[in-house]
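You will see two complexes here that share subunit A, one where it goes with subunit B and one where it goes with subunit C.
Let's look at the complex of A and B:
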């Protein structure tokens, strides 16, 4: 076990982790504004990738047209979901909200696969599969692209939350009633956050679709995304980025050592363990607000 | 009309807290009980063993989840994992030569022990965080099942269940297996019906409504959460064991995977939180729906002359299943049980419903 290999595991883990962050940012955006844990984010990601494919492969549009078109469509899909399904559940017990997002997840997954079929396809972003050599380390190009997209989105949202509209969203996430009383349309803000999360889902879907093919397995990212979001604190975007890097490194280095002991497949185990430990020890995560209620 | 309340006067608390205060309810239950007993003579064995039997076992399982989610108000996304514990321990015990009666008991107790671990999560967190913890535990359990050949049964990861037997009698006939499932479902139903009349049931409801308030009233909320998880896990374990012994005949990890947990929760939601009748209806709807939807779509496609691919047909039931959950939550969040209760409340006072308003 030499240091270079360990460094390679760490860097690749961190890059993969940033891709989980990409997914988690979508969860955080929605949770921040409306305290809804969006279990449908996995299906939205899958749908985003399939919509891009529908434009680029089925209609033959170039990717630089297909992706913006998909972004626009998914933005309205997100707003629509919020308006039709989630808004009337406001104030209901969390089990109903959870079950609603889960129902949407099942519905979207079923519909997507019924329309486009389940066979795995690639997005063909045009990123070469040749590994990139940095010193003695082998890095995957597509992971670097994805990680940069995650960081770019983070910067974009950082700036966005300093704009007029972003400040409105922050006010909503601080206090529903207070924002209402000063004339902020809470409904519109929450809808907007769903739209933004769906845009993030397109980005996630395209990057992950390039890595592992566009198929049903995209929606399985949900557990990892949730773990990252919870570890980061559910309502903090910087938390999602940091937690993603931490989880990615833990997963990549940890599974290297654990796989020899338990005979493979320890990645999921590490993710589940991180989720359980986070909730048990520090339910508000690394950067989350402390108002999470303990029994 | 059907539920005439005239002539029903309760003069004491005992008579007011009877299991069925309205005679019509009792008569209906007796009727359906007789129907259930006579089912093997009324229905062909194909329908009996491929629809009614799994329906009854799933109903028992749903009632167990309803105990912890509907009554005690604790979210549980790892219910299938608890069922798996019961199923695997019972089958292993039976293979070891222990009679099935005790094997089922062992399965239930093993589930209770593992399920109580979930309750320790409930001690520290609730709501969303409890849901996430139980979900993670489900993934851990899946992983254990698929990665430990000793539990899951060799390289094929399937475990043959020995012939089911009670009191030394091998039970192999269709009717016999049906009666086992029927008996278990009736037992669980009687337990749940009586639960709401006992202090335990009321304490659980108090914990659900507000645990601080319950604590102020002297209800030890942690103790009752633990009881709820243990009891519901026991029901889950035995249901899982019976499901494997009388329906699947073979235990495999994917029978108890995450999507099964979600399916049981969907049955609870569609049926109605805390509703016993709803558990029956919800389980029936979720179990039957995929087949019916598939039939409908292939019929419709034939009529319109459309050519739906096999893949499309395979995924439509999933979409319909999701849509069903969404629609129920939008239209009647308290599920089928509440729909029935609305009709019943209306008919109770019919034709004098103006008195209610």
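Let's look at the complex of A and C:
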């Protein structure tokens, strides 16, 4: 095997990995504020894609109108879900909240199936499917676009968490009681993080919808997104980016070699191995914080 | 029902025989009445589990987070009934509660801790000038403002917790056991600052302490709580002189220690 091919596998793996990061950023946002992995993030992503399609295909609006509209609507959908379903659970055991997000996942999947049916639709972003040649490497244009969106969101959130509002959100993720004691509305902060995660879901849904079509299988992105989030540390956005790149490369290069041995299907094995090993060896992930113990 | 009319009063805070229920069954406070005069400093003394912290949480509204509620009696701040007001809105009214155990935002820097507590409506310049004021009160915080707060010493964390509370522009500052686990000279330093802010800005202070000795040194009045009831209320001088208080809360052997604190704080005032 030549070096160019290995480089191509690596770069394409990293690009795909950044698309997992895109998904994982949504998980991280909610985890940071409420310490719960949102099992409904996959369904939210799918819903985001369907809402964009509803505006662009059903109502005939151009995508540059449909996507911002979907962003606004999904922002309020996220806030609404938090307010209606999760706020009353504040202070309950985490398992209850986890089960609630799972219930929301099933609910959203059922609803989208009832409204839009099971057939796959395309987003038609208008990105060319002609491969892009960089030297001798073949790269996918849509993956480059998606990876750029992931990096742009990373920069945006990096700056946001240094703003005054962002600092207040970080305070909430540190200590609810202390936040209340200085007048920070924990409820509103957690709601905001759901709204932001839903915006990320629209971006993820559009990019992945373009790559694999918009149907129920979009929600299964949760598994890879969750693996990336766990590997990155669940509460770290930089962690989600780095872990996405690592998982993408492992998956792409690793499955090339493993598939020859096991005869295909090793991608999911690699993802599963990463998830299991992370939890066993380094439960707080690469960049996750662990509680400070002062001596 | 009490009429909602607000009257000008010398009391910034008044509790009128309040009761607090946890989980709808456990009666933690059984009719506590206390008053804090505007610009005054009042101590709430008593042993562990007497109901001191619960009283503060009833005032700040943080009871809600612990499934507790005020089941009887009324709490007035500045003449207004505040029983149905959300905790964050009470902070906006000017009540700030420095909760027990310091509870700084550990993964953030001291500077970010202060920013987090500044109301969103406060202008950027005002935030900066308020931070500068707090760094002037607590120069140690200024030295460590870029380090992670979780790694500050206990005394520094307590200073940060108080500084953070001051960022909310309180008119009533409630401190829950600020001396807990701190060396006497740090207690003296922190109490000295609280006293200074009280004098300079007229900030009213309600201080909860097990360390009655240190507390009675800076407050004008004290309440003694036992088993969820106020059992004694008097001026700080009278409480210090009271033989029961001396026996149960001040202790005989600590007089010398106390002298050292006072000596230190006097020297400190000279030096600064």
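FYI, the second predicted complex is superposed on the first by the 291 of 295 C-alpha atoms of A that agree within 3 Å, B and C clash if a C-alpha of one lies under 4 Å from a C-alpha of the other, contacts with A are read in each partner's own complex, and residues count from 1 in each chain.
The criterion applied here is as follows: a residue touches a chain if its C-beta (ideal position, glycine included) is under 8 Å from a C-beta of that chain, and two chains touch if they have at least 3 such contacts.
In this text, all values refer to a predicted model and were calculated from it rather than measured experimentally.
By the touch criterion stated above, A:164 is placed in contact with subunit C alone, subunit B being left untouched. In the superposition on chain A, A:250 contacts neither subunit B nor subunit C.
Between subunit B and subunit C, it is B that contacts the larger number of residues in subunit A.
Look at A:289: by the touch rule set out above, it reaches subunit C but stays clear of subunit B.
Shared-chain residue A:265: touches subunit B; no touch with subunit C.
By the touch criterion stated above, A:94 is placed in contact with subunit B alone, subunit C being left untouched. Contact with subunit C, but none with subunit B, is seen for A:184 once the two complexes are overlaid on the shared chain.
By the document's definition of touching, neither partner reaches A:202: not subunit B, not subunit C. Residues 292, 294 of subunit A contact both subunit B in one complex and subunit C in the other. Interface residues of subunit A facing subunit C in the complex, by the touch rule stated above, are 91, 164-165, 167-168, 170-171, 173-185, 289, 291-292, 294. Of all the residues in subunit A, the ones that touch subunit B in their complex are 37, 84-85, 88-89, 92-96, 98-100, 102-111, 113-115, 117-118, 223, 226-227, 230, 262-265, 268-269, 271-273, 275-276, 279-280, 283, 292-295.
By the touch criterion stated above, subunit B contacts subunit A in their complex at residues 69, 73, 75, 121-129, 131-133, 135-137, 139-140, 143, 146-147, 211, 221, 262, 265-266, 269, 273, 309, 311-312, 315-326, 329-330, 333.
Considering their complex, residues 60-62, 65, 67, 86-88, 90-92, 96-99, 103-108, 112-113, 115-120, 127, 148, 150-151, 164-165, 167-168 of subunit C touch subunit A.
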